[in-house]
Amino acid sequence: MLKHALYLDPETGRVQDVPRGEVCPRPKGILWIDLEVTDRADVEWLKGCFGFHPLALEDCLKSGQRPKLDHYDGYAFLDFYAAAFDPEKARLKTEEIDLFLGEGYLVTAHKAPMPVLDEVRQRWETATESTTGGASYLLYILLGTVVDAYFPVVDQMEEQLEVLEEMLFERFEQSVITRIFTLKKDLLLMRKVVAPTRDVCLLLLRRESHLIAPGTAIYLQDVYDHLIRVADSIDTYRDLVSGAVDAYLSVTANRTNDTMKRLTSISAVLMSVTLVAGIYGMNFQHMPELSWKWGYEFALGLMIAIALGLTILFKALRYF
Amino acid sequence: MLKHALYLDPETGRVQDVPRGEVCPRPKGILWIDLEVTDRADVEWLKGCFGFHPLALEDCLKSGQRPKLDHYDGYAFLDFYAAAFDPEKARLKTEEIDLFLGEGYLVTAHKAPMPVLDEVRQRWETATESTTGGASYLLYILLGTVVDAYFPVVDQMEEQLEVLEEMLFERFEQSVITRIFTLKKDLLLMRKVVAPTRDVCLLLLRRESHLIAPGTAIYLQDVYDHLIRVADSIDTYRDLVSGAVDAYLSVTANRTNDTMKRLTSISAVLMSVTLVAGIYGMNFQHMPELSWKWGYEFALGLMIAIALGLTILFKALRYF
Amino acid sequence: MLKHALYLDPETGRVQDVPRGEVCPRPKGILWIDLEVTDRADVEWLKGCFGFHPLALEDCLKSGQRPKLDHYDGYAFLDFYAAAFDPEKARLKTEEIDLFLGEGYLVTAHKAPMPVLDEVRQRWETATESTTGGASYLLYILLGTVVDAYFPVVDQMEEQLEVLEEMLFERFEQSVITRIFTLKKDLLLMRKVVAPTRDVCLLLLRRESHLIAPGTAIYLQDVYDHLIRVADSIDTYRDLVSGAVDAYLSVTANRTNDTMKRLTSISAVLMSVTLVAGIYGMNFQHMPELSWKWGYEFALGLMIAIALGLTILFKALRYF
Amino acid sequence: MLKHALYLDPETGRVQDVPRGEVCPRPKGILWIDLEVTDRADVEWLKGCFGFHPLALEDCLKSGQRPKLDHYDGYAFLDFYAAAFDPEKARLKTEEIDLFLGEGYLVTAHKAPMPVLDEVRQRWETATESTTGGASYLLYILLGTVVDAYFPVVDQMEEQLEVLEEMLFERFEQSVITRIFTLKKDLLLMRKVVAPTRDVCLLLLRRESHLIAPGTAIYLQDVYDHLIRVADSIDTYRDLVSGAVDAYLSVTANRTNDTMKRLTSISAVLMSVTLVAGIYGMNFQHMPELSWKWGYEFALGLMIAIALGLTILFKALRYF
Amino acid sequence: MLKHALYLDPETGRVQDVPRGEVCPRPKGILWIDLEVTDRADVEWLKGCFGFHPLALEDCLKSGQRPKLDHYDGYAFLDFYAAAFDPEKARLKTEEIDLFLGEGYLVTAHKAPMPVLDEVRQRWETATESTTGGASYLLYILLGTVVDAYFPVVDQMEEQLEVLEEMLFERFEQSVITRIFTLKKDLLLMRKVVAPTRDVCLLLLRRESHLIAPGTAIYLQDVYDHLIRVADSIDTYRDLVSGAVDAYLSVTANRTNDTMKRLTSISAVLMSVTLVAGIYGMNFQHMPELSWKWGYEFALGLMIAIALGLTILFKALRYF
């Protein structure tokens, strides 16, 4: 389903909608076709109009591609992901974008509606370099907008990490560990999205020079720097998650040891005192203490003395 | 044992079976020989007909090769694996394929029957580029079909992983750990199959250009992309397996600590109450409580009070 | 806000302040503009005067950049961090510096006041090579001063590590583990600052030769060597932190095992002795020991004998 | 001590023994000198006859070299290891071989008798390419035979690993862990032997072309493939050993937790029942139950009821 | 402080001491200046005589450099470490050496006396290639002697490791873990000394050819091989240390579990027997067993039966 076809007049610098019928043959300026691919007819239309290679069109229909850059005759095919953090489920959500970059046109294809593209359109209409930068400048705006949206995602992950770290040490619930490992998975997934996109960006800078307008390279370099930063942050957070789990295990090991010592001590104290009671519960006929006047009080005193003595001893041994 | 010898007529584009006697000398079109190697006679026949190097023929007889690409004079020798997931034993099954790619012919050699080759034949007969792409296009169909079969294998592994992850946290049985480590082994084995195949594919793209028809390179690039994706997924799942085991250890460490605390508490409560019973079981002649009218009830009340008091204390200390 | 504009007269070798109005157009000698960027007006002024690229100016306004080197037409843009160790909070503090290096000028931009720059000015005024080395020699002084300030930071971290290591083995408190992991985070952060700066320095040595005066390269090589040393030390300390935590876990595991053994032993001793008391507390009519003259003493002796015997046994088994 | 000096007549293709006196000056065909180095005189003789460099000769006397390839004027010096698995001690045994490869001759030097060299001689005498391949073909036979002997070593290690893995989970003895770590050490040692040999082989293929006959390169490529496979297998087994130890730790952690729960339960049941006995052992004058007719039976019934009730409760809580 | 200035006459091949006054201007042969740097005057003298760069001289005064190779006009500056294992404290001791290599001279600077240099002098005086190899041959002798001294250090570390490994499994004391981690630190430190020296050596071979006499390269290659071996050994020992700690943790985890089981069993046995005593200690009026003739013996028998029965049960369950 054709979402919109936009045409930038190279002379006036104005962006205007093009009716579907006038898209082929292509006009002279810069054309941006945005397609929501719902069935095979959509890609068939693309094939008829632009003559794209079947392998690339096949990729537009499939999901779960790895971000990549394929070079075809006269155009390049890109594949990358927009990312968002769903605040309700606290989980990462990614959306695949397929993109054809040619001389004077850019075609984007995706399976679900992408609100980020409205922002791209707005920036394209207002940027002063849109006319001179050609289709590659539009590519920069698109990639730049998508990559800039990675930062809040990574920031929210960092926030989550800090909250979870604090919870980990304060009061443990199994849900914390589960959530930490969900975060770990999300970081892994985000890395899988970001790292190959970074490589794609480097390839664009290195190899696709005839499709990239000379003045646009510096902008793509900027996007590349941002991608390095995001990838770096993800690696750092993965290290921090591992560190937090290690720290938690150290603390737990220590707590278990402490609890063991306390158990040793309490058991020993109570058992010793009970032993005294047991001794004076024996039924021997000749037990002098039993007939003492203050025998009972003596026994209670002995119990208290033993309890106190052992408690002081164990305190000194740092068992409590 | 010759499974089938197929001949694609370059003019009609038809694929037809060739009787064994007419295989040598080779006809003009594209020839695909599929051999089920059962004894030395099979490779001897190959040697007589194609004059392959003894080292390559030796590899056809042996098992357990690492996926590789060897360059000989006028032909290349490839070695790779088809993979399947046996649903009954929940284990990975791999099948080695040896392959000779020459100008105008492709020879496949394997030890067991391979149903995947029937699918290859069908695709070869129907693909429009079979005539122009030469033997390298047939190689693409074969490699592509084998590699595409990796995806369901990896997907089933992911499914298994998710099931096992859930089981790990819900109710532990030793079989879960055993199955997780079986999965880990399978991922390792799958990686050993996929990673060198990926390198072989890259080498094909880079070095063997005279055997690869110009239009076929883009298809092999697609196979290469798929191999990267599979290898990436395997790495991700290996990380997830490690993460799951780590999470499990964290949870277990925590549970052990919790159990320790509960043991401490229950022991302390019961021991304290028992101590009271022990005290009033002593046989002193002068024990005023013993002759109280409500002495027994007092003792029971004391016991309940101590039990309640300690329970409340331990609840407050989060020991239960 | 313009902090200072300094001008080095190439003939006299004197450094003097330049009034803001005379900065543009630039004088013939070497000019150092130091800017404290507080709002967009500051970078607008830079744009007007030097014509810097909008992307670089944007980076001056933003925070949290990764150390980097961008090449523009006729000048280079650098981004790196000064680091200090806050002794009160025992935490790392970093301050970003943006820098433009051009033919005959250096522009530094930062968000907070930076006392380190006063030291740079002083060294620039007194160094004998300031005249011949051009702006690149000033860059060396600046980078060298910032990088030399990394050493005390890393030394303080090492000191902290040693203190914490000792505390870890002597007497455990949870705060030690928390502090160790704070240190681990700081080392990670410091690495994130140092490693890309090292790469920037290497790039400067390799690629930006026309902006670097021939005699200055050997000085930048020296800075590069220092950066390698700092990065190496950080890696070593990270290994040491991991080693310390591992050692701690080993020691704790051993202690828990020891405590368990001690618990086994004490419980067994006390329970055995209590059993004797229990036996002689039974109410059978025919219990010969009960009517013995020294029955009570016999029972007490039996208890002591059992206690001693078990203690000796457990000592021999290394349970205490 | 000269073990044997063999001479392959390039015309007849026959291999024959050469008396020691006729070794120098060298005959025209291919000469293989095998030397068991026992003292300095052996290497002195080599020096006199072939004029080898003192550094290489020094290496023949020393042990514990790392596999390497050194290039000298007109000849190459190689160093690698034969490996065997001693079935009695279940430990890896390696034997160093030093080798000089020159135009028309091969000199092998080792410290202990090496039965593998008899096999090399036999293969050399029968191989059809011995005459055309020159000394480099003899090198291939030697290296190939030594490397092929790595496979049974690695296979025996895998077998050991599987046996130990099974023992680990079935019934633990400390010897299993000790043996696993011995295996780990052997894998490490084997890797130290294999990995540099692989690099030496690659160097031979890349750089020493004038000493390697053109047709022999494909054979050395085969040896190189085998070395990659062995190195790969070793890495896989090291991963598997780590995995097994991890699995064991997970299972042990779980078992400890299970044992803790059982301890909690048994203690709680027995303590509760004992408490009942303690209560009715108190000596209060007014305890109505004591004079009940079925008091005793009531108490026993109460004990059984408590024991059963708690057992059912703990079963429900999965404590047993 | 000038330790010695040695002069090798290129014609006679004799090494003789040069009075301090005759060092500048330099004589024609090969000059070796050995300097013990105690204050700034020492390096000032060097500057006056050889005109070395201030940055290199600064490095002679400072400590804790990373082994490196800096290229200056007409000479090279090297920095590396001699290592020794202090047998008393069982700790690694390193000593930094700074070195200038020029056409016809070698200058060594260090802060403490270095006995290893006497050995260097002796080897220089006796070696036959001293005259032809120039200053680079003297560098080889120096580097070779220092690097050969690494082997006994690494061997002593291995010995320590084996002793500690054995202690770890036989009888644990906390000191063993502390010593293991000291060893780990030493290995880390040794690696920090060896790995960059290896890289320096490679750089010397690759880049400094005009300062290295043609025949000396093969000797430096030998030093390089030795450095690779030392670095390899260190990596292996680090792996072994980690493996030993892992093994120790596995064994401890297992022991803890065993102790837990034993505790469960002993507690259960003693508690059960005590329960019997408790039952017959109850004061019910109607307890038939109490008035049995062999009641007491029956109770004791019951206790022994329960104890034996449970012991056999727990033995069967492998709890002891």
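The letters A, B, C, D and E name the chains in turn, as written, and every chain counts its residues from 1.
Note that in this section a residue touches a chain if its C-beta (ideal position, glycine included) is under 8 Å from a C-beta of that chain, and two chains touch if they have at least 3 such contacts.
Source: prediction; values computed, not measured.
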| item | value |
| --- | --- |
| Given chain D and chain E, the chains that contact each of them | none |
| Neighbouring chains common to chain C and chain E, by label | none |
| Degree value of the rotation bringing chain C onto chain D, based on Cα positions, nearest 5 | 145 |
| Gap in Å, rounded to a whole number, between the CA centres of chain D and chain A | 40 |
| Between chain B and chain A, distance of the C-alpha-averaged centres to the nearest whole Å | 25 |
| Contacts with two or more other chains, residues of chain B listed in rising order | 249, 253, 256, 260, 263, 267, 271, 274, 278, 281-283, 287 |
| Sequence of chains encountered when the ring is traversed from chain B in the direction of chain D | B, D, E, C, A |
| Chain E-touching residues of chain C, taken from the complex the two chains share | 169, 218-219, 221-222, 225, 228-229, 232, 236, 239-240, 243-244, 246-247, 249-251, 253-254, 256-257, 260-261, 263-264, 267-268, 271-272, 274-275, 278-279, 281-288, 318 |
| Chain C-touching residues of chain E, taken from the complex the two chains share | 53, 55, 64-66, 68, 70, 72, 171-172, 174, 177-178, 180-181, 184-185, 188, 192, 245, 248-249, 252-253, 255-256, 259-260, 262-263, 266-267, 270-271, 273-274, 277-278, 280-283, 287, 289-296, 299-300, 303 |
